[in-house]
Amino acid sequence: MSDKKNIFERFGESQVWKSIFRSGVPRTRRQRMMSVLNSVFLHLHPVRLPRHAVKLKFTWCMGGLTFFLFLVLTISGILLMFYYRPTAEYAYTDMIDLGEQVPLGIMREIHRWGAHAMVITTWLHMFRVFMTGSYKPPREFNWSIGVLLLVLTLLLSFTGYLLPWDQLAMWAITVGGNMARATPFVGHEGPGAALLSIGDINFINMGADAKFALLGGRFVGEAALLRFYVLHCIGLPFVVMILMAVHFWRVRKDGGISGPT
Amino acid sequence: MEPFKNFIDVLTQPTLMLTLAMFTFPFFFPMNDWFDKWNRRLRLNLLWTKAGLIAVIIGLTLFFVVGVQDAEFRLIMLKPDNVPIVGLIFLVYFFMWVSMKQASDNDKLLSTGEKPNEYHDPDEKVLVWPDLVYVEFISLILCMCLLLVWSIGLDAPLEEPANPAATPNPSKAPWYFLGLQEMLVYFDPWLAGVVFPTIIIFGLMAIPYLDKNPEGSGYYQFKNRRLAISIYMFGWIILWVLLIIIGTFLRGPNWNFFGPFEYWDIHKLEPLTNINLSEIIYIKLFNTGLPSNILVREIFGFIVVFGYFLVFPPLLAKTVLKRIYLQLGNFGYGVFVFLLLCMLSLPIKMYLRWIFNLKYLIAIPEYFFNI
Amino acid sequence: MERQERHYNILSLNKLFGISSIFFLVLLIWTFADDYDRTWKDYQREFRRMDTELTAELRTAEQARVAETADYKEASDKLAKATAALESQAEDLKVLEEQRKKIDAEYYKVQQEQAFAKSLYDVAKYEYEAAVSHYDGPAEKQKREMEVDEAKKTVSALERQIEVYSRKLTTIDIGSMTIGNRMANAVRDLPVIDFMNPYLKIDQIIIPDITDDMNIVQMPKVDRCTTCHLGIDKPGFEDAPQPYTTHPNLDLFLASASSHPMEDFGCTSCHAGRGRGTDFVTAAHTPSSHEQEEEWVEKYHWHEMHHWETPMYPTQYTEAGCLKCHSSEPFIPGADDLNIGLTLFEKASCNGCHLVERYEGKLVQRAGPNLSHLASKTTREWAYRWIDAPRDFRQNTWMPHFFDAVEWDDEEDQARADQEIHAIVDYLFDKSAGFDLEAMPRLGNAERGEYLFNNLGCEGCHKLELELEQTPYTLASLRQEHGPNLTGLGSKTTQEWLFNWLKDPKKYHPETRMPDLRLSDVEAADLASYLHSFSNDPFMASSVPSVDEGVQLDIAFQFLIKTNSDKVAKETLTSMDLAEMLDYNGEKLLQHYGCTGCHLIPGFENAKRIGVALDGEGSKPLNKLDFGYTSIPHTKIDWFTHKVKDPRVFDLNKVTGPYDRLKMPDFGFTDGEVEKIVTVIMALNNDDGREKPVSASRSFVEEGQWIIKDNNCMGCHLIEDRGGDIVVNFTAPEYAPPNLNTEGEKVQPHWLLDFFEKPITIRPNILVRMPSFHLGEEKWNSLIKYFQYYDGQTTPYEGDFSPRENSIAFRAGEKIHEMGACNNCHYYGTTEPLQEPQTWAPNLALTKERLRPDWVDAWMNDPQSIMPGTKMPRPYIPTEEELSTADASEVFGTDLMKLAGDEETMIRGLTDYIYAIPGKIDISAEIQAFFDENGYGFLEGEEETDDWDEEDWEEEEWQD
Amino acid sequence: MPAEAEQPLQEKKSSQQATASVGEGTIKEKVQRRSFISWLAVAWVAFAAATGGFFTMILRIFFPNVLFEPPQSFKIGPPDEYEIGLVDIRWQAKFGTWIIRDSEGIYALSTVCTHLGCTPNWLENESKFKCPCHGSGFRRSGINFEGPAPRPLERYRIVMADDGQILIDKSKKFQYEKGQWSDPEAFLVV
């Protein structure tokens, strides 16, 4: 071995690199450990894992993909927000223009298909976790968090579904919203709603029930559009991120990835 | 070709397809020795071998390739928003295979007292860098590639501008909620749209607390968890994925059923005259009119429903679910069996509908209370 | 020695990583390419090429032209000389320049300081000017310079156009670009940087006033069509292929001067389509034929833009777009197909059964005859045959075929049809009220009837054609079918009835549009006998099956069961005898088939329309149109087309009761007509473009136009340069009904009203006469308003013109009038003109009542310009020279000389004089008397003058 | 120093063993090493290119392809609509330009003050443009003569359209100080 160093090695020992990645080019065991430990992103992982845990056929990497898709959706979503206005006037025509003239209008496709993909990956991740019995003690709670994340994923997708403001959107949401109408007690067509009336005065009516709360109006209208937009862009992602943090954290705290003992 | 298409159209009718699915299901996922015996005898376990995988994937592919030649089929399968469900079909099977394959391998090992494949010497670990990080990184790139191909090849749909005055026919919920919408055919909105979803969510969250079986934590295996797995599979594959597939591909105008090769004719008519239990009893059996008092009218309905939820649990506790009852104790068992019965109530209601044209067991439209 | 803690082979992972990231890169590039590569860019490049060629050609042409012109040659060699001369003195000039520069510098320096020292500035300024003037050198040098400048100016002025072309070329033609521009041109459209200043850009027109319907809101239109249709508003690309072609009608559209400038209307306002689309498919183009569709599919991968509610109109239906804004107008200039379509629509009286807002209160709803007194007009047999097959009797009748309208009827259906007709006829004749016909005073003379028919102007509204003409309809020919074709009347009705009808149509049919021609008994009789002389024997020969009680029973039952229980129906049935049953069926059937849509039928005085309202039909979603089990392609246009052409086709193979089937009758339209009617139907859509309410004057005009249309005035008169087709029937235009150009400026409103209500003879020597329409004062007034507003006479007319008698002008006018010998042709009150009847002209005593003085002046000045082909000569007006000749005073008299050739005053004087002419105003009676005596021999060409003569008259008078 | 220099070498050895122990002979070693480098290089280059490209395209997104603002070029009717010696301010609001016709022809002035971009007013009786913000003054010709304005107002491209109307094109400007006012398109001779 001559000390003729290839470009990577040189760069890897440069001050710049070392300042950023404390442990030069990870080639030694120590460096490799450090590079995981020192990286804010990577130390999500433990430094060392049981062998089965790095096998794709065990994890399918589904959780990772779900998280990645979430990031993709965030980025493409932000870019879309530059060209989309959530108002009855503009929502639809902005959609047309995304297809017709907006630079990189393909962001819309990436966002929509990414969302579909994320729903699927979430299900598969859940499936995997179930099949490997990874919800069993001590991981019960994390499974429940996971279930919540699944629900939130669906809600994100659902709220996003209205934004194109076309027939598909409006009526999908109408169908969905009509279910809220039938919520027991708090939906004006739900069982028990009648009980919440004093004398002839219904407190649960078209103008004040679960559906109304969801749509901000008696019917899917501009209020609903805005409401869903805010939920879709800020409200739900916010909650999702918190829960994701918990989810990942718990993975580590519950003894890392599950495995046979 | 035609006979094949007609055959498929008939086969995919909800009644037939669901019946087939539900009754063959336990043979694929045997929940007790008897089914297990038949599972082996019918060589159904071959499904989880490489050969099985290849056969099924090729079969499915062929089906779609051939089907796409047909105009109607193409129309519905290649509808932008439906493409992911086509993908879903493949994915679900593939990963079912992945898990069941390993599960059955492990079963063999365990039966011979060995450790499962996943087991490695605890001291002998693997560094996360580079192996895991690297693998993850690559799969992300590939995932992104897939997404790009998808986006280039398929334009996102955009229909007419939103119009409160004109309801499209059919108007469908987003595909991942079509299971619920399909449920709406059999249950009142407050059940199908609100109560059941809630129960589903809580049921899922409750799983870890109800499944007290210490076996198979951290590795794939079937034998010792067959009840848990088959319940989960039944709920997910049959009552969720399959209903989504039906709702997406096979529900046309007026929510009528259309075979995948059938033309979506708006004027197609289906007999949808359904009657309530009270009507069956009072009018058909007793030949008297309906009593005015609601409670009297619906008394039988209440009896049936409460019976269902009160009689079965102890019954099962004594018989099939004895072991579980002992494991979970009263409360745990109560929750478990309640969830189980709720899950089963959907197929049961379906059959009541198909066989007796039964609309509601309890029908109190006055208070929007229909079951 | 450390434990090896690895699972995967790093090398293969590297390989995998490499491959996948290359794959990733490729895909990303593909994505960008996909995003960057838009079809419209190719179109723009191609057009740029074409434009370059064209401009280059134009430039060379212009250069050639200019080079030819004399003054260019002149100017250019002048320039050459001047420059030469200037150069000869170049040296001295240089010196001067030097000095001037110095002083300039000085001047600017001081100017800089002006803020501080204004005074200094003035001084400096003064010095400068002085200096400059001092240094200005010898005068002729300056002259030279000026010459050069002059010449340069002229030359460049002449070369201006060339310059413009050249400049354009430098921007688009790489060949004639500067190096820098070439480089820029090479990079400006590259990906990523193509936002800075690209040549290829999307061109869009934003139209705030016309909107796209977004259901909840209206969005201003945004049309990007011009991104690819680059030549659309540029003349010179007429023959270029699409999408570069120039618009075929720039005078009416796109050009800023036209009535539909592009920047205000865009494209989709008229053509519909998806304005924001920048791709062939997403712009929602629609093929105009199935051939074209195939062509497009393989050329542009065309497919229907499913989710856009207003796809582009196929070429042949483009005019459907006009009605969007012009819906309230009866006639849309420039939209010929649409106009024909609309007229067909009205003729077939579609709005009798289908409500169409546009026609409410505009046209008579029931276009067919009144059936309340049917028995007095015709026989049951005839009625039976007629209802069974109207076109057998009269090939081009507008009465549609209700029976045997579909080829798949079986015997049973046939039999039922026969009996249905019987029931209907029976009902009509039973319910027909009595109608007393006046006896004819005497037999008519068919020959003279024919003569009257040809000369009274009947052919303004009626045809009398025995064989069907195959020529397609034109607006003119449709005007001639305002009334029915008069063939076969002999088989249909009696002379007596005709006589009564002609004498007073309104008596028989109050709603009729047939006017009263004020016929004398003799005339009426003659016409009646002439019209009665045509019969249709083969029609009358066809057999009439007998009434079949069994079938009648079934029909009655079918109707009863609709509203009654089986039991009740049977009971009522048994309680009926045949007569009642026939009546019952008849009534039900008339209702069922909606006969009341066109006919006034006793018992149905206020029946409702039975068809669907057609407003918005054009926007009906496809799934609302039932194609039944037909193999007709599922497109709106195909559906409309088949519905109009073969109305009951969608019943094919349907199993339905006889009275649940489609009942729209068969009008026997040709394909051409169908196409035009479909245009109308597509025009009746929800997309209503008219933003602002119509201006008052505009609405007055439209109102009048509707009246004119409803009463077919254009059948006889030329109005708005349309109509007056009848003129061809006359030997000379002056015997035909007058053209009504400038009517608004011409006549006094009050007189016109009187005339409408009680027409009088104006031109003595014409036989064709203005009928009495009895429209009522209201309508007449709006018609008068129309004439005035159409001619821009928005201010009401004050008739306070009084001739200034014994003014010079007046006497001069008298003289001119005397020289012009007006009395040769014109009546003066009852005084007959001197010349022969064929030259006779209106009564001048009428003028003051009838005409507006200003118009009379204009008329005198130049009659031909107002009424081409009139016999009226321009009166002889002496010129100044003539008036200044020696013997002028004898010839012209002193008054004319005073005016010294002032034409205006002379003509005004003439007008004055004419307005002063006394005498009887309505001389109709006198004229009538004269011609009754002497006849209108001159109306025929020479050869026919002795068609009939006084003798016949005597005999005829004798007989009665 | 030497110690530190020592370490990597040592490490390298161990990592060789590591790789070797995955099951390749030491002879293959060099080949492996080379292919290792090349593949990794290719991979990173491609990946960097991809991500880099993506971020450049993101920049592109910030520049829309079409604008929904009033058009840059527009027609203002035939020349005879403009009186000689008058400053026509009817397009000031809509298109931001003054049309001025003098004895020789017509030119279009920008309504943007060259000082800080306010819109000056035309004062007819003083016959000058006066900027309300900082009092810059411009003559009818657009030349600045008072106030802080550094340079004369700009003129827009003005030409005769095919249909005989005047066409103003704001996308092309002519500046006096660059001597562009003599440009034939800065000035419409009528």
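Labels for the chains are A, B, C and D, by order of writing; each one numbers its residues from 1.
Basically, a residue touches a chain if its C-beta (ideal position, glycine included) is under 8 Å from a C-beta of that chain, and two chains touch if they have at least 3 such contacts.
Predicted, not measured: the structure shown is a model, and the values here were computed from it.
Peer 1: What are the chains that chain B and chain C both touch?
Peer 2: A
Peer 1: Taking the mean of each chain's Cα atoms, which chain ends up nearest the overall Cα mean?
Peer 2: C
Peer 1: Need the CA-centroid distance for the pair chain A / chain B, whole Å please.
Peer 2: 24
Peer 1: Report the inter-chain centroid distance for chain A and chain D in whole angstrom, where each centroid is the mean of the CA atoms.
Peer 2: Between these chains, centre-to-centre, one finds 39 Å.
Peer 1: Between chain C and chain D, what distance separates the C-alpha centroids? Give it in angstrom.
Peer 2: Centre-to-centre distance between chain C and chain D: 49 Å.
Peer 1: Chain A to chain C: how many Å between their CA centres?
Peer 2: Those two chain centres are 61 Å apart.
Peer 1: Specify, in ascending order, the residues of chain A that touch 2 or more different other chains.
Peer 2: In chain A, 29, 48, 51, 54, 88, 92, 96-97, 99, 101, 103-104, 106, 166-167, 221 touch at least two other chains.
Peer 1: Which chain D residues touch at least two other chains?
Peer 2: Answer for chain D, listing residues that touch two or more other chains: 14, 40, 47, 57, 60, 63, 65-66.
Peer 1: In chain B, what residues contact two or more other chains?
Peer 2: In chain B, 124-127, 130-131, 135, 141, 144, 148, 151-152, 158-164, 166 touch at least two other chains.
Peer 1: Please categorise the chain-chain contact pattern as a line, ring, star, complete graph or other.
Peer 2: The chain contacts form none of line, ring, star or complete graph.
Peer 1: With touch defined as at the top, which chains are paired up in contact here?
Peer 2: A-B, A-C, A-D, B-C, C-D
Peer 1: Which of the residues in chain A come into contact with chain C in the complex?
Peer 2: Listed in rising order, the residues of chain A that touch chain C are 29, 48, 51, 54-55, 88-89, 92-93, 96-97, 99-101, 103-106, 166-167, 221-222.
Peer 1: Could you pull out which chain C residues touch chain D in their complex?
Peer 2: Checking each residue of chain C against chain D gives 2, 4, 6, 9-11, 14-15, 17-18, 21-22, 24-25, 28-29, 32, 35, 157, 160, 163-164, 167, 191-192, 195, 201-202, 204, 206, 222, 224, 234-235, 255-257, 263.
Peer 1: Please name which positions on chain B make contact with chain C in the complex.
Peer 2: 124-127, 130-131, 134-135, 137-138, 141-142, 144-145, 148-149, 151-152, 158-166, 169, 253, 266-267
Peer 1: List the residues on chain D that touch chain C in their complex, please.
Peer 2: Residues of chain D touching chain C: 14, 17-19, 21-22, 32, 35-36, 39-40, 42-44, 46-47, 49-50, 53-54, 56-57, 59-60, 63, 65-66, 68, 71, 74-75, 159, 161-165, 184-185, 189.
Peer 1: Enumerate the contact residues on chain B facing chain A in the complex.
Peer 2: 81, 84, 87-88, 91-92, 95-96, 98-99, 102-103, 115-120, 122, 124-133, 135-136, 139-140, 143-144, 146-148, 150-152, 154-164, 166-168, 171-177, 180-181, 184, 188-190, 192-195, 201, 204-205, 207-209, 211, 214-221, 225, 229, 232, 236, 364, 367-369
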